[in-house]
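After this come two complexes, each holding chain A, first together with chain B and then together with chain C.
And now, the complex of A and B:
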């Protein structure tokens, strides 16, 4: 990111793995990422460029912004996988199927929310219990996801990739539910 | 986004909202969901065992107005049809009837999926040898 001759800051790369100087891989060491982040944050900090030419000052601002975005995404295994697999919200027709047992759970949760809104406080513990189950489902989906990372990095196998996408879809679904229930319980 | 009049009508006056006894051997239950938006749809139909005609249909949908309207319309269309005729209902029919915009097409897909899931459940229940399972 710096000119090897004059040490001027160059235009920062926009890619998240690139800015960290890392190979695009699903499995990365958290400590390594963190160490790189603090090191780069210091090197690229806009204060260090206060007396440099305007173009370098701008580059340092850009780089700091990209670095922060990149760190937020890459340190979260699910968001990292979404980024690397270029996961875009699924269009109608290629939606990952939601497991039937999860649907029942969601349906019951929605019924509880409806009763709660209708003034039936008895539905509250029911909803809190559902939230506990969703939180543990999110943990499980996250673990299942990470177990596939190494295999994907080694093989780039299509079947592994589809399984990862399926888990990502499931995890997003659960995420939405957790947010909904949180909002409801906070009322 | 503005909803079409027909969507609003189904949303404000849902047809056949509610549920049927899922343990009734003549009732098929379909439960489907969209992972992105978190919509869930339960659609049930009751088949007359003599005539093979769907005589009752019910739905309960948690989701946006278009999802509610799509399932409400689906139950309306199901009544009086045979299983084969019901399978002919396509999401595109729902889209044109309700004038759904492109971003809401997935709601009609969900309704079609729900019809199929309910019919599959009914067929599974009534398949030879299904008794007492």
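And now, the complex of A and C:
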């Protein structure tokens, strides 16, 4: 985990899974990951190095940051899949194509946003309901995703992989919708 | 060479105190045995009002002594300065109208308060409060106190955190950690409970509101999400009541008192007393006498509650957002903890109880619980408490400005800290040797709607055709929630110089000047302070070196490496008792240099064994 030239801490070449001493798999037990995360945190967290010399404090800071970054990605099934499948999440501003089955829902949401911006507070509950629907869609997409994980881990089948990628795209799309609604409701 | 036995290893470890630097009151606490305890002031009181007065006689008064001057010296007495920390004039324009003290006209990005002939920044004012707490702790403990954990509202941004840390330095305190107030409160409660589950901490103080949701498991306090408002607190309720009373009086007397700082201060005291009384009784009578005219008005609780409904509702909005961010539903939250003086208001308690469907915890004094938790965190940092660990989050997303003024998010809010992100930058013009990066904090899409943190200038990039240079920049938020930036030129592998221009903070040189200034007030010798600081650092480095000798990595060092360490350590020991801080610092630097390789291998061993440990069931 150390750079051979400057002795700086780097993410290990095996990546986030290696930090946790785990095989790179899509399906992982959340409790197991959490247990490892807590254990590593107890050893590496800067709180454990508060009274150590500056050099060691810096190492601990770097190590804990890498550990936290890794945990953030691996604990979330969608981000874990994106990471393992080398899926590059769309940059800010780029929007994935609209899934056809969501067209009507989005149309209604935009109407509600327009009325709310126009000062019609009556649109607020409508928007809040849309938010609830999107949240449950996200949950469903997440579940559908996880159902494919085991199959992919066993077979590494291309067809399964593309179904996962499709679901990841759909989930990202819903994620953006949730953010849009949240923003409008917070206005 | 046999090493002199270092007495640093055998002497008692100095106490690290926990400090709650509050909007209205401040407290200091420390561990006594297994339990944290608040340290009282000379007057026997636990709460030190966060009030500072610079009186005509040129002396600084703090706490109750300063509170007494609020009425007679309103223009030289500062309260609620926490609301001004890390802020710009424009941010606080609204409330400035009600502050009796003056803010210098020309102080835009860093507020300066004009107290008589002198100017003070908010960190300097806070430093006076911290210094008083430091003295109280020293008197009580009978030993010097130099290190502290200081609490901040969870929703404080980078500038506000930096300002708090600067205040500590100006006060002569080495701030080992800034810890979030609600998290500290959870630590204080966790001490005797030690249960597993999900806990919400609702912290409604004098000037700020925070809500944090934590997962407690076997001594780990993992914050799942936090939300809040750094400008929403009991002060806002006071200001609301004050405005109403002023209007009422203007109507009744035909005289507007708003221009008289003294009258406003007196009325404020009456209003605050009435507000506090209303938490205990259903109706109070507000009495106010000014230049032999009398004003009296009865306030009943239902009216008071109607007035503050909006404020309470704003806190509930934050709570709902926080629950969503934590990925939880209300039913999953096992316990709710109330923190801050404003949670004494019955309406607030009822609202919290209704939202969380749980009876909130109030066993610990809501004014003291944060300081108690800070003392626990201090004990964790000094190694006295080993089974607990706090994993906190950053409250606000961090991003950089991209084309068209749009913010590209690098670290999302509610990420566990320390957190980092790397981004590669290139040049737009042939031969360009520097790149300017604008870093922002906030959730909005446009840079103009977010809080500007700083501009980082990457300098000395190898001149190349446009788009060819590759500079990798690492953004790192540390365990205090404070950002640092490092950069590396990927072509040369060289560490890149980064010049920081903080948007709303003090430059290093300004802090140093303020430290020198503070010495004048503390009847202290600057040299003595610097020597003390240097020795403290030497203690740390020497103790660590001593301990490292028993580490397996030490055995693997080459002979000349060990000799170099021995030599540097004994040179530092010789310099230790000199009264030249520069000499001590220079030898600390040498010892650090000599142990660099050792520290690296020790860390590698730690990591390795941690990984091995993780593999074992």
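Worth pointing out:
Heads up, the rule we're going with is that the second predicted complex is superposed on the first by the 147 of 187 C-alpha atoms of A that agree within 3 Å, B and C clash if a C-alpha of one lies under 4 Å from a C-alpha of the other, contacts with A are read in each partner's own complex, and residues count from 1 in each chain.
One rule holds in what follows: a residue touches a chain if its C-beta (ideal position, glycine included) is under 8 Å from a C-beta of that chain, and two chains touch if they have at least 3 such contacts.
Everything quoted here is computed from the prediction, not taken from an experiment.
When the two complexes are overlaid on their common chain A, residue A:54 makes contact with chain C while staying clear of chain B. Touch criterion met: A:64 reaches chain C, while chain B stays clear of it.
Once chain A of one complex is fitted onto chain A of the other, the partner contacts of A:72 are limited to chain C, with no touch recorded for chain B. Of the two partner chains placed by the overlay, only chain C lies in contact with A:36; chain B stays clear of it. Between chain B and chain C, C contacts the larger number of chain A residues.
When the shared chain is aligned, chain B comes close enough to touch A:169, but chain C does not.
By the touch criterion stated above, A:128 is placed in contact with neither chain B nor chain C. On chain A, the surface touched by chain B in one complex and the surface touched by chain C in the other have residues 91-93 in common.
Note for the complex: chain A touches chain B at residues 89-93, 95-96, 98, 100, 102-104, 106-107, 110, 169-170, 172-173, 176-177, 180. Those residues of chain B that touch chain A in the shared complex are 31-38, 40, 42, 60, 62, 105-106, 109. Chain contact summary for the complex, chain C toward chain A: residues 176-177, 217-218, 220, 222, 321, 377, 380-383, 389-391, 402, 406-409, 415-421, 476-479, 493, 495, 540-541, 543-545, 592, 595-597, 599-600, 602-604, 606-607, 609-615. Interface residues of chain A facing chain C in the complex, by the touch rule stated above, are 1-2, 5-7, 9, 18-21, 36, 38-48, 50-56, 59-66, 68-69, 71-72, 91-93, 186.
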